[in-house]
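Beneath this line is the structure, given in C-alpha cells, with notes to follow.
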Amino acid sequence: MVSNISPGDTAWLLTATALVMLMTPGLGLFYGGMVRKKNVLSMIALSFIAYAIVSIQWVVYGFSLAFGKDVHGFVGNLCYFLLPNFYNKIWPGTHIPALVYVAFQLVFAAITLAIITSACAERIKLSAFIVFGLLWTTFVYDPLAHWIWGGGWTASLGALDFAGGTVVHISSGFGALALALVIGKRSGFGEYDMEPHNIPMTLLGTALLWFGWFGFNAGSAVAANASAANAFIVTNTAAATAGLSWMFASWIKEGKPGSLGFASGAVAGLVAITPAAGYVGIPGAIAIGAVVGVLCYGMMLFRISRGLDESLDAWAVHGMGGLWGAIATGIFATKAVSDYSGLIYGNVHQFVVQIIAALAAVAYAFIVTLILAKIVDAVIGLRVSEEEEYVGLDISQHGETAYA
Amino acid sequence: MVSNISPGDTAWLLTATALVMLMTPGLGLFYGGMVRKKNVLSMIALSFIAYAIVSIQWVVYGFSLAFGKDVHGFVGNLCYFLLPNFYNKIWPGTHIPALVYVAFQLVFAAITLAIITSACAERIKLSAFIVFGLLWTTFVYDPLAHWIWGGGWTASLGALDFAGGTVVHISSGFGALALALVIGKRSGFGEYDMEPHNIPMTLLGTALLWFGWFGFNAGSAVAANASAANAFIVTNTAAATAGLSWMFASWIKEGKPGSLGFASGAVAGLVAITPAAGYVGIPGAIAIGAVVGVLCYGMMLFRISRGLDESLDAWAVHGMGGLWGAIATGIFATKAVSDYSGLIYGNVHQFVVQIIAALAAVAYAFIVTLILAKIVDAVIGLRVSEEEEYVGLDISQHGETAYA
Amino acid sequence: MVSNISPGDTAWLLTATALVMLMTPGLGLFYGGMVRKKNVLSMIALSFIAYAIVSIQWVVYGFSLAFGKDVHGFVGNLCYFLLPNFYNKIWPGTHIPALVYVAFQLVFAAITLAIITSACAERIKLSAFIVFGLLWTTFVYDPLAHWIWGGGWTASLGALDFAGGTVVHISSGFGALALALVIGKRSGFGEYDMEPHNIPMTLLGTALLWFGWFGFNAGSAVAANASAANAFIVTNTAAATAGLSWMFASWIKEGKPGSLGFASGAVAGLVAITPAAGYVGIPGAIAIGAVVGVLCYGMMLFRISRGLDESLDAWAVHGMGGLWGAIATGIFATKAVSDYSGLIYGNVHQFVVQIIAALAAVAYAFIVTLILAKIVDAVIGLRVSEEEEYVGLDISQHGETAYA
Amino acid sequence: MKKVEAIIRPEKLEDVKKALEEKGIVAMTITEVRGRGEQKGIKLQFRGRTMDVDLLPKVKIEIVVEDSRVDTVIKTIADSARTGRFGDGKIFVIPVEKSVRVRTGEVET
Amino acid sequence: MKKVEAIIRPEKLEDVKKALEEKGIVAMTITEVRGRGEQKGIKLQFRGRTMDVDLLPKVKIEIVVEDSRVDTVIKTIADSARTGRFGDGKIFVIPVEKSVRVRTGEVET
Amino acid sequence: MKKVEAIIRPEKLEDVKKALEEKGIVAMTITEVRGRGEQKGIKLQFRGRTMDVDLLPKVKIEIVVEDSRVDTVIKTIADSARTGRFGDGKIFVIPVEKSVRVRTGEVET
C-alpha cells in the first residue's frame, strides 16, 4: 500500500504542516505586540497552550470527530480514536501518508483556537481558558471541519472551502464575538487608551503568518501540483492587495497610514483568499484583496464605535474577512483554475450555496460559543479578579514579568 | 501537459519561494534594529510595502517585462500581462508549474526593492517611496532580470549569475548609492552617534535572511537535484566564512568583534556566493567568503570615512559584495559542479564576460536610479520635513509609536 | 549515478536542513531572552559563532571524522576531507545527493555546540569559546556521531537513536554540566536574582525550535515517507504533552504556571522524542512527553538546590531529557512503526542496549568535555575578568549595547 | 519657583495632561517609574497563598512653576488623577532655586 | 519632610527593599537610571587599549519621609546597598515642602 | 550643595558629557524622560490637519555639586547642549541638604 506514496507530495505536505505550525506562535506574537506590556506573556502563552491542547485532543479523538465515519452529516464517529494502524495508511484521495494528513489538519485546528484568544485578551483566567478551549475545539471546530471536509452536509450541498474560510476564520471570528460578549470589556476600555506595547513584535508576527499561510493555502491542494501553485500565488496577491487597500483607506480617513493597518490588511487578505485559493485566478485575488482591506477596516471602526471590546479584532478580520472570502469564492471561482465557476460566470447556484454554508457556520459558531462561554463562566468563571487584571495577567496568571 | 510536473521539484520550489518571501520582512527587521527607535516601524514598513508593491506589479506586468518575449535583448514585451492561461503551463526547461516560477521570481524582485531602503532610512517620505519603488522595480529591476534570466544580452554573452548577484545585489546596492546621493544625509549625520536601537532585532533578521537564502540560492537550481544541493552547502559555507572573516577583521582593527560585524559579514557572504552558488565548490566558497568579509568591512569603513550616508550599507554589502561575487564566479567556477569553469582553470573568457556583465549592471543601476530619484524628488519630494525627521518617521509618516 | 536521486526525498531533506539551521539562532534567542540585558548579544552571538565554526569544520574534516571509513568503531578517517567528488555522489542507502546529507548532518553538529553555551552564559571569554568550540566539536561530537550513525560501536551493538538523543542532547547536556563545573558560577549567583530580561524573546526562540525540530526529527527519516510522517506527528505530540506536563507540575508546586515553564517543557519534550521519533507511536509519545516534563522540571529544581550554575539548564533539559529519551526508546519502540520493539513488548535486549549506549555517551561527553575545558582554561583562561563580567559581555566582548 | 513632582497611574496621564492644559500648564517632564505606597502594592491570592505585587508601574510628572501656581497645579493633578482606589499616587513639592532656558541662556529665579 | 534619593546598584535593590521594610519603610519610587561616579565608570583593557565603560545601569530609589526618619532611611540604605567596591552609589537628601495624597487630597507639610 | 537637573536633547548627551569632563565634572546620573516645553512640542501638518507631537524623548542629567561649582555646571551644560531651536531644554537648581557615599558611609553637607 505504501507504494503509492508520492515523495514530492509528501515533502510538500510535511513542509506545509511545519509552516502552518509556525503560524500559531506567529499569531501569539501578532497579538502579543498589541496588548499592554503587562499582558504580553499571557497573550503569547495562550497561543502556545491552545496549540498544545489541540495537539493532544486531535490525535486522541479530534481528528476522528472531524474525519471519522459520518454521523448524520454532522460529525464523525470515533473510529479513528488514537489513530489506529495509521502508520501504513495512505490518506484516501491523496498520495501522502495518512499521518501527514492528520498532522496537516491538526495545525489548522490549533490555530483556530488560538485566533479566538483575541476576544479574551488581557482578562481571561488561564484555567478557564484551558477548559473553554478543550470544549470549543471539540464542539465547535471538529463538527464544522466535518461539515465541509469530512463529508458532512455542507460538502454534500456542494459548498467550496479550499483552505478553511468557514472552518477556521468564520468559526473563530464569530466565536470571538460571542466570547467577547460573555466575558465583557477590559476594565478601562473606552476610558483610556490601551496602546499596543510593541508594534515590531506584531509586524514580526505578521511576517510569520504570511509565511506560514503559504503552507495553509498551497498545502490545501494536498499535492505539489498546479493547484498548489495557483493557491500560492493568489494568496500572495490577495495579501499584498489587502495590505495596501487597508493602508490607503486609513490614509484617507485618518490622514496617516499605520504600519498596523498594513499588517491587519494583509492578514485580512490572507483570510479572505483562504476559501478561494484553489478556485480563483489573479484578477479574482486582486478583487478579493482590494475589497477585504476596506471592508475589515470599516468593520473594525464599526466595532470600536459600538464600544465592543473584541479586543484584537478576530471578528472584524477573521470573521468578516472569512465571510467575505466564502461568498467571494462563489463570485470569482473560474474554470480557468478548477472545475468550479462563480457568479460572474453566471453560476448563481454556487453563490447561493456559499452563502448558505457561510451563514450556517456563522450561526453555529456564534451560538455554540455563546453557550460554552456561559457554561464555563458559570462554573469556574472566565475572568480574573479586578486586581489581577490591574496588575496584568503576566504576573497574576504566570508569576512572570516579560521584560526586566 | 501537466503530466510533466515533477512533484519533488515543485515541492522544493514552493518551499524555496516561501523561504525567500520571509527574507523581505527579515530584512525589515535586520534594518529596523539598526535605526533609531523613532524610525523602526517606518523601516520595517518600507520592506513590507516594497514587497506588496512588487507583488502586484509583478503579476500584472513585471514578470512579463522580465520574462516576456525578448525585445532587442533589453527587456521583455507584455505578452504575459496578467499571466494569461498560466494555470496549465509548465515553465519551459523546468518541471514545475509556471505559476511557481512566477512566484519564485516575484520574491526576488520584491526583496531587491526592499534592500534599497537602506539608502533612505530615517528620512524618506512614504508617498515618495511608493512612487519611486514602482518606478524602480519597473525600470531598473525588470530589465536587469531580463538581461540575464529572460534571454537578454548578458545571457547571450554567456554571463553567469546563478541566483542574482547582478540582478538583485549589484542593482540594489548601486541603486542605493545613487539614491543616497540624491536624498542626502540624515540630519545630524556625522555630528552625533546614531546607534542601532535594537541589535537583537538585527540578529533575528540575520537569522531569517540566512534561513531564507537557502531558498534563494538552492531554489535557483529550479529543481531538487545535485545542483540545488551544491548551492545549499556552498551558501552556508560562504556565509559562515564571511561572518568570521568580518568578525576577525574588526577584532584586529577595532579591538573588539561586534555581533553586528558577524551579522554583516554573514550577509556579505550570502550576497557574494549568490551568483556563484551553482558553479563553485566548497574551496571556492571558502575563498569567496573569506575575501568578501574583509572587503565589505573595508568598504563600509571607506563609506563612513567619506561622510556618505548610505545608511545601512546596502552599497558596501550588497553592491560591493555582489560585484565581488559576480567576478569571483568567473574565477572559481569549476567543472566539478557545472559545465563552466573560471579563471583559475584558465578560462579567461568567462572572467572577462563576468566583469562586463557586472559593470554593465553597476552602470545601468546607478544611472537609472539616479535619474528616477531626481525625478521623484523634483515632482513630489523624496524627503520629509526637518521637523518630521526630528520626531521620527514612525510618528510623522505612520502616526504610531513602536514601543509603549 | 545521479539518476537515482528522488526529487521528493531531496526536496524534503533540503527543507529539513534549512529548518534545522534556523534552530541555532532560534536557540540563541531562546537563551538570549533568559540572560540579563547586558549579555544578550553575547548569548546570541555565541550561537551564531558556534554555527559558523562548525559549518567550516564540518565541510573540511568534521563530516569525515563522523562518517568517514570506520577506525576501530570509534571515529571515521579523513577520507572525506573537503568532500572530494561529492557533487555526483548519492549518499548510500538514500536517494538524496550526498551534499544534502552532509548539509543535513552539519546543522546537527552546529546546534549541538550551541546548546552547550548554556553552561558558560554571561561569563565566557569569546576567544576561549572559539578555541573550546573547535576542540569540542572535533573531539566530542564527531566521535559520538560516528559511534551511532557512522557505523561505530554503538551502531554495531544495535542501539537506536533516530535523530540524535545521545549524539546531540546527551552530549551537549552532559558536556554543559562539565563545562559549568570548570568555569564556575556567575558572580552574584545565589546572592541576588538574575531574572530573564526578555521572555518574549525566549518564547520566540521556542517557536523557532519547535518549528525547526520537525526538520530535525522528520528529516532524520532521510526520505519523504511514512517514517518521516510518524516522526513528525510524534514530535509534535511529545512537545505538546511535555509543555503541559511541566506547566502543570510547576502550577502545583509553585502555585502559578510560568510561560517559561511551558516553553522549557516543550523543549524537553522535543529532546526526549528525538531518539524515539522513528520507533514509537502516539501513545508512546504521550508517555515520553508526560514523563519528561515532570522529570526535567525536577532536575532543574535539583540543580538549583545544589547551587550549580549550569545557567540555562542544558543539562536538566537536554542532558536528562536526552537520557530519558534514549532509554524510553528502548521501552516504547513498537513494531507498528518500525522493525524494532521495546521493553513493553518484552524486548529486554533493546532496553539494555539503549542504556549502555546512553551511559557511554554520558561518560564520554562528560569526561572529554571536562578535560578540554580544563586545558582551555589553563592555557588561555575560560572566563572574563570580574569587571568585564560586571559590565556585561556585550560591552566587554563585543563593544556593543543591545538596546539603545 | 517650585518643582511639583506627581507620581500617578500611567493610565491617568492623558487625563492629567488635558486638565493641566486647560489651566494653561503645558511644560512638563515625564518619567516612567515603578512604585509602591504604604499598602505594599496589591495582594493577589492563589492556591491559598498570598503574593504582594509591589513596584507597580507609575508615571512621574515633573512641573516647575512659579510659587503662585503651585496650588493650581497640585489641585488640577490631584483631581484629574483620582480614581479613589489605593495606588492613586502622591504629589510632592520641592523648592527650585533657579531655572535656565538652554536655548537662550535666560535665567529665572 | 525630606526626599531621600539613593542611587544604588540594581542588583542590590531587593536587599535594600527588604532592609527598609524591616524598619517599616515601605513606600518608595524606583527609577532606572544610568550613572557614573568620580572614577568614570569601569576601565576595561583590550589589546593594549583601555576603554572606559561609563554610565553603568543604576537604580534610583526615592523615598519621602518625615525629617525624624531621614537618618534611619539613609543608614538602612547605605548598609544594605554596600559591597565595598567602587560604584556602590550615593544618597542625597532634598527638602520637600509639601506632600499630597491624590486619593484623598490630604496634605502633609 | 545643589542638584543641577538638566533636561536636554538626547543627541546632545555626548557633547555635554565631554564638555563637563573638560571642566572636571565627571559624576552624574542620567534618566531617559519625555517632555514638552511651552510650545507643546512639535507641530506636524498632514492633509490639512495639524498634529501636536508632544512628549518628545529627552535626557535628564542630574549632577550634585558644591555650591561654588553650580554656575560652571550650568554654563557648561547650556553651552554644549544648545542648538538654538525650540526644545533645547531647561536646567533647574535644587537644594541638597546632605550627601552620603554608600561605599564608605562618608557624609557631606
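A few notes on this one:
Labels for the chains are A, B, C, D, E and F, by order of writing; each one numbers its residues from 1.
The rule is simple: a contact is a pair of C-beta atoms (placed from the backbone, for glycine too) under 8 Å apart; a residue touches a chain by one contact, two chains touch by 3 or more.
On a predicted model such as this, the values are computed, not experimentally measured, just so you know.
Shared contact partners of chain A and chain F are B, D.
Set side by side, C-E and D-F show the greater C-beta contact count at D-F. At the interface between chain A and chain B, two copies of one sequence, fewer than half of the residue numbers in use appear on both sides, so the contact is built from largely different positions. One simple way to say how far apart two chains are is to compare their mean CA positions; for chain D and chain E this gives 19 Å. The geometric centre of chain B is 33 Å away from that of chain C, both derived from CA atoms. Separating the CA-averaged centres of chain C and chain D is a span of 51 Å. Across the assembly, chain C contributes 6-9, 11-12, 15, 37, 198, 204, 255-256, 399 as residues in contact with two or more other chains. Multi-chain contact residues of chain F (touching two or more other chains) are listed as 31, 51, 94-95. Across the complex, chain A is touched by residues 11-12, 14-15, 42-44, 51, 53, 56-57 of chain D.
Here chain B touches chain A in the complex through residues 2, 5-12, 14-15, 17-18, 21-22, 25-26, 28-29, 32, 40-42, 44-45, 48-49, 51-53, 55-56, 59, 82-83, 85, 87-88, 96-100, 102-103, 106, 126, 198, 201, 204, 208, 394, 397-404, going by the rule given at the top.
On the chain E side of its complex with chain D, the touching residues are 3, 26-31, 64, 94-103, 105.
Contacts from chain C toward chain E in the complex involve residues 37-38, 188, 191-193, 387-388, 390-391, 395-396, 399. Contact residues of chain C toward chain A in the complex are 6-9, 11-12, 15, 19, 36-37, 195-200, 203-204, 206-207, 210-211, 214-215, 218, 223-226, 228-230, 232-233, 236-237, 239-241, 243-244, 247, 254-260, 262-263, 266, 281-283, 286, 336-337.
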